[in-house]
Structure formats: C-alpha cells, structure tokens
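Pasting the structures in now, so scroll down.
Two complexes follow with chain A in common, the first pairing it with chain B and the second with chain C.
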Partner chain A sequence: MTTTTASAQPGERTVGKSSPGTARGPRRRPGRIRRIGLPYLLLLPALLLELLVHLVPMVIGIVMSFKELTQFYIRDWTTAPWTGLDNFTMSVDFDAPVGEALLHSFLVTCAFTILSVGLCWLIGTAAAICMQDAFRGRGLLRAIFLVPYALPVYAAVITWAFMFQHDNGLVNHVLHDQLGLTDKPSFWLIGDNSFVALLVVSVWKGWPFAFLIVMAGLQNIPKELYEAAALDGAGVWQQIRRITLPSLRPVNQVLVLVLFLWTFNDFNTPFVLFGKAAPEAADLISIHIYQSSFVTWNFGAGSAMSVLLLLFLLLVTGVYLFVTSRTARAPRNPQERKTADV
Partner chain B sequence: MRSIRAAAVGAVTMSLALAATACGGGSSSGGGSNDSPKELTYWASNQGASVEVDKKVLQPELDKFEKETGIKVKLEVVPWSDLLNRILTATTSGQGPDVLNIGNTWSASLQATGALLPWDSKNFEKIGGRDRFVDSALGSTGVEGQDPAAVPLYSMAYALYYNKQMFADAGITKPPATWDELVETGKKISKDGKWGLGAEGSNLSNNIHQVFVLAKQHGADFFTADGKPDFTSEGAVAAVKQYVDLMAKDKVVAPGNAEYAQNQSLSDFAKGKTAMVLWQTASATFKTMGMKDDEWGVAPAPVPSGAPGAGKATNSMVAGINMAVFKNSDNLDGATKFVKFMTSDAEQKLLNKAYGSIPPVKAAQSDPAFNTQGTTVLRETLATSAAALPQVPDESQFETAVGTAVKELFADAANGREVTTESVKEKLAKAQQQMPNK
Partner chain C sequence: MAAPRSFTWTRRVFLTLLTGFVLLPVYVMVSSSLKPLEDVSSQFHWLPSNLTIRPYIDIWSTVPLAKYFLNSLIVAGAATVCSVVIAVFAAYAVSRYEFRGKRVFSVTVLSTQMFPGILFLLPLFLIYVNIGNATGIALFGSRGGLILTYLTFSLPFSIWMLIGYFDSVPRDLDEAALVDGCGPLRALFKVVVPAAIPGIVAVAVYAFMTAWGEVLFASVMTNDATRTLAVGLQGYSTQNDVYWNQIMAASLVVSVPVVAGFLLLQRYLVAGLTAGAVK
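Up next is the complex of A and B:
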C-alpha cells in the first residue's frame, strides 16, 4: 500500500504506464496520429520541392536517354525521335570506340576513386588520432588542416593547375630543379602523369573532410576505455585497433560512402585541371559524360551514360549499405561485451 | 545507429539525384515578335584583352545606338570558354539574348538548331544588302545553299608573326615562306632555352584551325562532299602528322607547348622565348603584353610552294565573328536595326580598328587603318588564300574530336613517345568513330 502511493507520487508518468489497459482506447489514437503524422506533414512541402527539383529533371534525363537528341532537336527536345535502347547499346558496346572509351573512363574512375577514398580516409584518420590528445598549438594545426576544405574548389584547383605546369610550375621546380629526382621536368597535366596529378589534388581536397568527421567521432569514445586499456597494458596500437577503430565504425560507414559518391562523381577537379578534354589517363566518368553530351552535342547518348552511372552507383550503394549494416550489427554485441570487459 | 543510416540514405539519394540531373533541359517555342520595341539584350564575344576592355569599346557605341533609335541595348560580354554552352542553354530554354555573337565556324552547327533568324534576301535588304559583305566572310555563315544563319561582323586570318630581334640575332634576313624554310629557320633559333615556333597543343580549336589548313595543302578535307566525316584520308593524316612533327621530329616547338591552351604561346612570344607564332590578329594582344609594334613583323603563313593562293596554297582558315539574331526575340525589328548599326561602314571601321581585325564589309576595308603592317597581310590572306572550315552541322563535334586527337598526339610527342603515321591514323580513326554521323 505504501509502496504504490509512493511510486505514484513522483508524477503522471507512472500513472500512464501503470494503466495501459484503460488508456489504450480510441480516446488516445488521435493524439498519437497527430504526434507521428505531424513531422511528416511538416516535411511535406520540402519533400514536394525536393521531388520537383531533383526528380523531374531526373525523369527528363531518363526520357532523353531513349531519344536521338542532337543539335537538330535541342530547341525542343520533345520532338527528337525515339531510338529505343540505341543509346544504351552504343554505350555498352565495348568493342566499338564509344563503348570502349566509356569502359576505359569507368575503369579509370574506379581506380581513382578507390585510391582517393582510401588515402583520404587513411590520412584523415591518422591526423585525427594524432590531434586527439591536447598539446600546445593543437587548435592552430586543426585549423590549418581544414584550410583545403574551406577554400573554394575552383581557386584551389586552379592553383594546383599552375603548380603542375611543365615550364613554370612549382612541382617541377621542386622535384627537378631542387631535389633532382627526375632527369627532366615531367608533364603533369597531359599524358600518363595526369592521373597522379588528379589523385594528389583530390586527396588534398578530400582528406580534411575525413579528418573532421573522424575527429567528431572520436569525441564520443569515453576516455575511461583508454585508461582502462592502458592499465591492462594495451599499447597505442592495440588501443587504436581494439577501441578506436571499432568505435568509429558507424562514423566510417557514412564517411566512406559519402567520400565514394563525391569522388566518383567529381566534376570540378578534373574540369578545372584539364579543361573539357581530359587526358586519357585521367578521363573521369563525369567529364567523359559531359564531353559526350555537351561538347559533342549528343545529349541522348550523354543521358544514357548518366542513367548507366546512376544504376551503377545505386547498385554499389545498395550492396554497401546491406553489407556494412549486417556486419555492423553482427559483431556489435560481442564487441560491446569485449569493451565492457576491458 | 538508425539516424546514421537514415543520414546515409539521405546523402545517397541526394548524390544519385544530382548524378542523374546532369542532363536536363526544357522546351522552347515560337517565333519572335515586336512586343518589346525599346530594349535589346546583346551577348558579345570576348574580343579584346579582357571582358572589361570589350565593355569599354562597345558601351559608347551602344549609347550612340540608343541615341539614334531610342532602343536600349543591355550588353553582356561572354568569355569564349562559356559562349557555346551559353548559346546552347539559351537555345534549349528559349531564354536567350536578342542579338549575339557566334564564332563563325559554329555557324552551320547552330543553324541546325533552328534557333537563329535566317538571313534571307528580305532581311539582308534591311541591313543594306548581301553585296556589302566580302565573299570569303559570307562563306562561313551557314550551310551552302541555305539562307545564312548569321552576318559577318569581324574577320580574321592566320599569319606568321615573328620577332625581328631574334631573327636578326640568328642571322635570318627574311621570314620563311615555305614549311621547309620555317623548319630550317626554327632549327637555327631553337637552342639555349629559345624556341623557333609557338603552339597551343591543348587548345582544341586552334589545333583544328592549323590542321585544317595543312590538310588543304595536302589536298584533303575533313569531310566528304556530302558532309560525312573523313578524318583518315592520306592527306588528313599527313597534315596532322606534319603539324605534330614540328614538335616531335623537327623539334622547333618547345615540348611544354603541348599543355598550352590559354594563349601562353603569345606571352612566350612577347617575352622573346619563341621567335614565331602562327596566329590570327595578334597585334592588339602583343600591345597589351608590352611589345612595341616595331619589335615584331608579320608575313603570310607558310605554304609548300611559297606562294599563297587557293586550293593547295591555302594558308588560313576564314576566322571571325558573326552576328546572329535569336528567332524568338521579342524585338525583331530592333534586333535587325542593331545588326544594321553594327555592320554600318562607320561602326565597322571603328570596331575592327579597336580589335585589330578586318572589316568583312567591303566599303570599310578601304580605310587606311587596315593598310598597316598588322592588317595588310591579314586582309590579303582573307581575300585570296583563306578557306572556310567545313560548313556542316557536325562542325562543333569535329572541333572536339579531332582537336582532342591532336592534343593527345602532342602529349605523346612531349613525353618523348614516337608519333608515327600509324599512331596518327589510329587517333583520327577513333575520333571519326565518335562522330554521330559516321
């Protein structure tokens, strides 16, 4: 008796909880609908606008991919003749030049993306871990690290383009004139080296984002875990491997995915570095599609390539989310147990 | 965890949507009218050293036009790199200027869109008649046999510019007239960090202009008579190889020029690093780069025989700017009046003088200003030995495809890779396969 009055005292919370049978009638439903429905209602205008801004052009793009859209029809693209799957078959006919070039560009993009995302993640994570413990000048260093991320892309990339110039560029000046690493000045903006140049700029531009996200993720790891691990004799490597990386998993999951999508679709970097006709070695797919549609005025073929790219990215992302969410869920419990044990 | 996944899904959806919206567009409709008779929008191409220079040249003339007719012209100077895309966008959306400048090599490509006002005899009458214009300039205003899509505004031609001091230092007394002489001269100069000839290996349009002229000299064209691409003929291959060999084999062009696309070869010339450039109307640019008029000389671009003329003695493409009117303009009369004003004798003299180009209007050419060192050669070239680029709808695709092939060959040459007839032919065959109308 005394216990029930005492537990009823603190508030209505317990009352609601303790009398579900009577409250769960038709009386409660409107409030619940309002509570659950209201956020969606509030989201609706934004959702509609989003659809309008993104979905409509997307649908138009897909329709265009089935049309023969050249300069003769761009004035009113709806009048362009239907070509069925012609644009698609042309794009994936890897024995013919158009398909061969697209495949080449796709492979270059895959290699570029894997390297760029990998390096961005590695450098960003390493830097974030190094910056974790407080020391003199940490704030300043953190700020400096973020400079590439804060600079306008165009200004940053054009500066790199100047530095990569054959005759007057800083890169050749340092590598060739000062360090004597090459027998003669190299070309960075044309020929095979252009891939390296593109990768350098992309990593330079991308890693601060990884740094920022990982740094934020690190703040959530309780200090006690490290202290306990240190007491048990775990070294720095062990701490990183057993505590830091597993705890960062959900952060990394998003980070790698976003970096992948940004890098795979990156248009600004190659366009500013190389112009409308990128060297073969650095012919990223975004530029390739741009050239196929806007420069050679074959918008139908360009749209078809865009749709293929969309399908590919959807597939990769779907598989990635499926795999990572499964593996993230599966070892989670033993992991938590393990860290709790420590 | 769930919120992170939701965020990831959101980010993915956004990125995918952005990827797919790379191609969008709208439809446009209708012809023009005279609903808005007091206003015009004009997109001018960038002719001077900068957009600002152009505004300074053009604005007083537009004010003059407003005083005469009461029509206010809103000016926008569009840089070259943006111009074609801007025109394409305006064509698809129907939201463009009333009057615009186009590169004359694009005439047939843009004509095919049907967005430009055709200049039939009635329209030509309104601006004083077709006969006022030089024939060679009219040759690049659209497909032969159709009403022109534009009216010539400024004419230009290629010539060989040379540095007098560098020639004197190397003991050269007269500018080369044949390609053999040019290579010989170039070899004499190309040493100690100095080079014989400048090139813009990564500038697609410039590559096209140069190899087009060389192809003419080899008796070839890049299109068949019925407008089909024909990039791999013996003459075309020989032309491209000859041009790239200036760097690869003859070594009179600096390897670094392979990545030039921003007129760096002109600044090298002005700095005395290269002794010759093949360029169109460069005098105004040299002046802005600090070179005095008596420091450079100008001669006709080389031909195999040494004597420029028609056919195999062609030594320039017909370069220049045309003026076009968007069909859906809501001030068609005003637009025509404005074209009449800009192509009038007085304005032609004034504007072409400011830009160092040649008036495509016959009556204006007699002005002594076009009889100077910088302009005489150009005027004669235009009149006797220049040919218009193929006036076919696929011209702009040709510029990209073949221009890129030449760029890649220059990259090979610069990196010390061999450039052979086979490798040239292979690149050109690939370019041809990318043409929509093969």
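Up next is the complex of A and C:
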C-alpha cells in the first residue's frame, strides 16, 4: 500500500505534465537532463544508511541462520561451522520442545496482534468520528488523547507494570478491595492474566495512532457529501455508515497494515512489562527470539526464527496488498458510490 | 446539522470513559510520585495521605539520572537532525525527479519498516564491533552507534511522509525558482522546505519520539557511560527494594519534555499526516 502511494503519484504527474496541453514539461528544460546524477546524489545518504543498518545486517542474519552460532564462535562468527538447514528444521519441528515453544509463541502473537489491532482501530475510529464536529473542549480532549502516543514507551509501560502489581497495584485494589469482583488479588504479570495485561497496555498505547490517522483522513471528506445526505434525510448513524466509513477505506488499508507490522514486531512493551522472559501466555515472538538468542546463547537458532518471522510478514503483507489493491479497483470515490446508493 | 440525542449521549459516555482510560496511568504516575516509599510499597490508595516531594530529590542520586538524561538528549537530538536532513534530500529526489530505480528505492526503503528489530540486532552488533576493530571508530557502546541506528528507524516513515508533503507543494513554485536561476538545492531550501515546514516538523517530532522511546537497542548497545533513559530507569529496582515512588517521579520527569513538545507541535503532526501519509 505504502509503496504504491509513493510511486504512483509521481507517475501520474509525469503523464499530466508531458501531455501537449501543459505549458511546462520536463522536455522543455534541457538542464534537467544534465543534472541526471542529482537525484542519486540526494538519495545516497539515505541509501547508504539503510544499507548499513538494515540490509547488510539482514543478509548477515540470513547467513547466520545457516550456521551453528553458539557462544563458542561468537568472538569470530565467520568461523562457526555451517549446519545447512538444521536451525530451520529445529525451529519448525513442532514435536520437539524448541519448535513447540516457537509455535506457541507464534500463535500467542497472532491472537494478540489481531485483538490489539482490532481494538486500536475500533477505539481510534470511534473517537475520531466523535470528535469530527466542533464542540467545546475538543482541542483539549484531542491533546489528552494523544498523551499515550507521546509518552515514552518505558515510562508509560513501567507505570502500567506498577498498576498491575499484585500487592500494591491499582488494578487489584479496584477489582478486589473496592469492587470485590475477585476472591483474592490476582497476579497480572505472571500466569494467564498476563495476556490481558499486555493487551490492555498495547491498546492504551496504540489506539491514539489510529485516532490520529483517521482524524487526518476525515478532513479529506468533502462537507457537501454530508450536507447532501442530510437533505436526503439520512441521520447521523446512516451518514457514518454510508459516507464516513466508506470514505475512510483507503486510509484504513494503510493504517491496519502499519498497526499490524508494529504490533507483531513490538518488543518494547512486553520487554518493559515482563522483563527478559515473558510469561508463557504473553510470550510474544520478538521476546521469544531475543530469549532464544541472548539468554540461551544460540544465535543461529535465533536468526533462523527471525528469518521465518520475516518470511511470514512478507507473505502476509504481500497477500494483504494484493487483496486490498484488487478491492480498491471497485469504485472508490465516495461521490460515485453515493450517487449509486441514492 | 442537529445530531440526534442517541448520538450525542453515546458520544458523551464514550469520550468520558476513554478520557478516564487514557488519564488513569498519568494520575497514578503523578500521585505515586508524591508518596513516601512505605505508602507505595503497601496497598494502593487513590489519594496520597502523606504528600512528599522527596522522590523528586532522590531520583537524581539513586541513579545518575542527569547523565542518562543528557545521553538521551544527545542521541535523540542528533538522530532527529540527521534523519530529517537526509529524509528531506531523499524525499525531494523522489518527489521532483524521474530516475531509474525510483520504484526499487521506494520499495526497499519502505519494506525495511516490516523487519523485526530483533533480526538485525545481533548482526548490527557484530558489524559495529568489526568496524571498531578495523578502523578504531567506536560504534558499539558509543552514542554515535546509537545515533546511527536510531536515525535509520525513523528514516523510512519520514521519507514516505515527506514525499507526500512535497508532492502537495505546487511544482510551479520551485520550477519558477529554477527558471530564475536557482540551483536545485537552492530551490529546495528557498521554496520547497519553507512551504513544507509542517510536514518537516511532524517528521522531526516522530523521529525524536522514536529515538527517545527505543528500548531494545539501547539495552544491548550502551555501556555505563552512554546509557540512555530507556535503560537507566531500570536502576530504581534493586534486589531488595523497588523504589516505585522514585520510578514514577523519574518517569514523569523524562516524559514531560517529550509530551510538552509533542502537544505544542501536534497541530503540525496532524497537518503533516493529512498532507503526507493520508492520501
């Protein structure tokens, strides 16, 4: 989605510019051609840095996944013996402990991501729609809603960790002491409840981004659409269903993908909430791989798991982009849809 | 448009609940930071019975918070400046020029967004150590290495957003500058950059927050001298005691600059997102 946004627009513009009716065309400026090297020069710093910090390490990571890279070889990783696909077969052998744990962690991450992205989207969209019309205190409320987004992750998550404490936390105080909902204070940061705790923190921290993007998207919906719909007798709920939500579709396609990738790869939240070893019920994949690499010192296996993770993300993103770009070919302009509806 | 009652009431209830949810941790942070250690270690109470500002004094001596603060400021500040400058150049090239490999560049840069950080943590660590051994440039454990790493984290999103923003600046403006004899770089800085200030501010805010909040690389790639706040705050829990009141006070202190800055500049961020990301 993102890539098409970036490249499609300049393409469209070129078509428009070189059409005979346009006065200024690239062809009329020969100096342009002589400066052909300039775009590359401008891109060079970005390219070099992405190469050094992302692409080269990624290639090395893939190479490492084929090696038996334990603590004995970490001083000079190139001397580690090749093991072929051993790391991979070990990772996907779901009957053995390593593979079983990885599969479990993967499933936990999937469930967590679906719930978190869904809730973030839902809350963010609802809040943005509620704030579409001007009312007193809207500016203040918007500022408040952006606080979770602005707070540094570790400060926010550490506060949640404090609230989830067994003996001195707010959550148990409210649920047990004040409301009497539980027989005895629960543990939130270990055991099965940790999944809930992680989800709450993740949604708290993530929904303002959805809010921000949807709010920006709402500004692009022409007011006339609502006015016309109101004239036709459509109520607020109908307007939301027939105009707002369909118009937001292109925005949502980007938003959901970005939220998915961020949530699936999130390391900071579980790491600050639980520390180096997450409880089994909240064992997100990035923590699991960190644990496999840095705590048990098997970097080859950790790399193999990372590569598998990357392949999965590529696959999901590819399918997602394919599906959304196909549905995007259906009439997307709200104006067209509106006339079709009315 | 007169909204029906059902809508106004749903809205009122929903927004109230949401405000409570959002502000709950903020309240806990503020109120607990004003309690003595005995109070935060025992049962939670909504209202502090013994108010004290002691935690705000102690945080600076329990751990070298000022040093961590300075490190975070240097790292996040430098990463932001570098990231914005580099993104401006790259986005200008993509927005204003047709060239071979443009699509490949966009795809490559943007796809780095999907890499799990854990995938290149160890290789990057090895690369930095090797560069250090070969050239004597200390990247591992230094602020420089962290700056280099962080600026690439925000770069793809920044480039993507600035391309959208630059596209929305009418081409006629900088083409007129080119006709007037400006070089392309002068046209960029005299015309395009000033017109795209909201987008650039938005990108800078994003880059700063990314760097200020990063935990994984900060915990692996720093040492005693270069530790940032993300790691430093862990120092308030010792084997015997967890100084929750100091943790809350320190969290508040490290949050105030970013939250204040963000709220001041949030208009730009919304404007930047409208023009850049949402199209």
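The rule is short, and it goes like this: the second predicted complex is superposed on the first by the 290 of 342 C-alpha atoms of A that agree within 3 Å, B and C clash if a C-alpha of one lies under 4 Å from a C-alpha of the other, contacts with A are read in each partner's own complex, and residues count from 1 in each chain.
By definition in this document, a contact is a pair of C-beta atoms (placed from the backbone, for glycine too) under 8 Å apart; a residue touches a chain by one contact, two chains touch by 3 or more.
Just so you know, these numbers come straight off a predicted model, no measurement behind them.
Trainee: Is A:F94 touching the first partner chain B, the second partner chain C, both, or neither of them?
Mentor: A:F94 contacts neither chain B nor chain C.
Trainee: Taking the superposition as given, does A:F72 touch the first partner, chain B, the second, chain C, both, or neither?
Mentor: first
Trainee: In this superposed model, does chain C or chain B come into contact with more residues of chain A?
Mentor: Touched residues of chain A are more numerous for C.
Trainee: In the superposed arrangement, which partner chain does A:L170 touch: chain B (first), chain C (second), both, or neither?
Mentor: second
Trainee: With the two complexes superposed on chain A, say which partner A:P45 touches: chain B (first), chain C (second), both, or neither.
Mentor: Touch partner of A:P45: chain C, not chain B.
Trainee: Look at A:T317 in the shared chain and tell me whether it touches chain B only, chain C only, both, or neither; answer first, second, both or neither.
Mentor: both
Trainee: Once the structures are superposed on A, label A:H54 by its partner contacts, choosing first (chain B), second (chain C), both or neither.
Mentor: both
Trainee: Tell me the contact category for A:P152 with respect to chain B and chain C: first, second, both or neither.
Mentor: After superposing on A, A:P152 lies in contact with chain C but is clear of chain B.
Trainee: Kindly list the residues of chain A that each of chain B and chain C touches, one partner per complex.
Mentor: Residues 54-55, 57-58, 60-61, 64, 77, 165, 167, 250-251, 254, 258, 261, 265, 286, 289-290, 293-294, 299, 302-303, 306-307, 309-310, 313-314, 317 of chain A touch both chain B and chain C.
Trainee: Can you tell me which positions in chain C touch chain A when the two form their complex?
Mentor: The touching residues are 1, 3-4, 6-7, 11, 14-15, 18-19, 21-26, 28-29, 32, 40-45, 86-87, 89-90, 92-95, 97-99, 102-103, 105-124, 126-127, 148-149, 151-152, 155-156, 159-160, 163-164, 167, 171-172, 175, 178, 184, 209, 212-216, 219-220, 229-230, 233, 244, 247-248, 251-252, 254-255, 258-259, 262-263, 266, 269-270, 273-274, 277-279.
Trainee: Quick one: in the complex, what on chain B touches chain A?
Mentor: These residues of chain B touch chain A: 1, 4-5, 7-9, 11-12, 14-25, 27-29, 85, 88, 91-92, 94, 109-110, 112-115, 201-202, 204, 254-256, 258-259, 261, 393, 396-397, 400-401, 403-404, 407-408, 410-412, 414-415, 430, 433-436.
Trainee: Which residues, counting only chain A, touch chain B once they are in their complex?
Mentor: That would be residues 54-55, 57-58, 60-62, 64-65, 70-72, 74-78, 96-98, 101, 165-167, 185, 187, 189-192, 250-251, 253-254, 257-258, 261-262, 265, 275-277, 279-280, 286, 289-291, 293-299, 302-303, 306-307, 309-310, 313-314, 317, 321, 325, 328 of chain A.
Trainee: So in the complex, which bits of chain A are touching chain C?
Mentor: Checking each residue of chain A against chain C gives 2-3, 5-7, 9-10, 13-14, 24, 26, 29, 31, 35-36, 38-40, 42-43, 45-47, 49-50, 52-58, 60-61, 64, 77, 123, 126-127, 130-131, 133, 141-156, 158-160, 162-163, 165, 167-170, 172-173, 177, 204, 212-213, 215-217, 219-220, 226, 230, 235-237, 250-251, 254, 258, 261, 264-265, 267-268, 271-272, 285-286, 289-290, 293-294, 299, 302-303, 306-307, 309-310, 313-314, 317.
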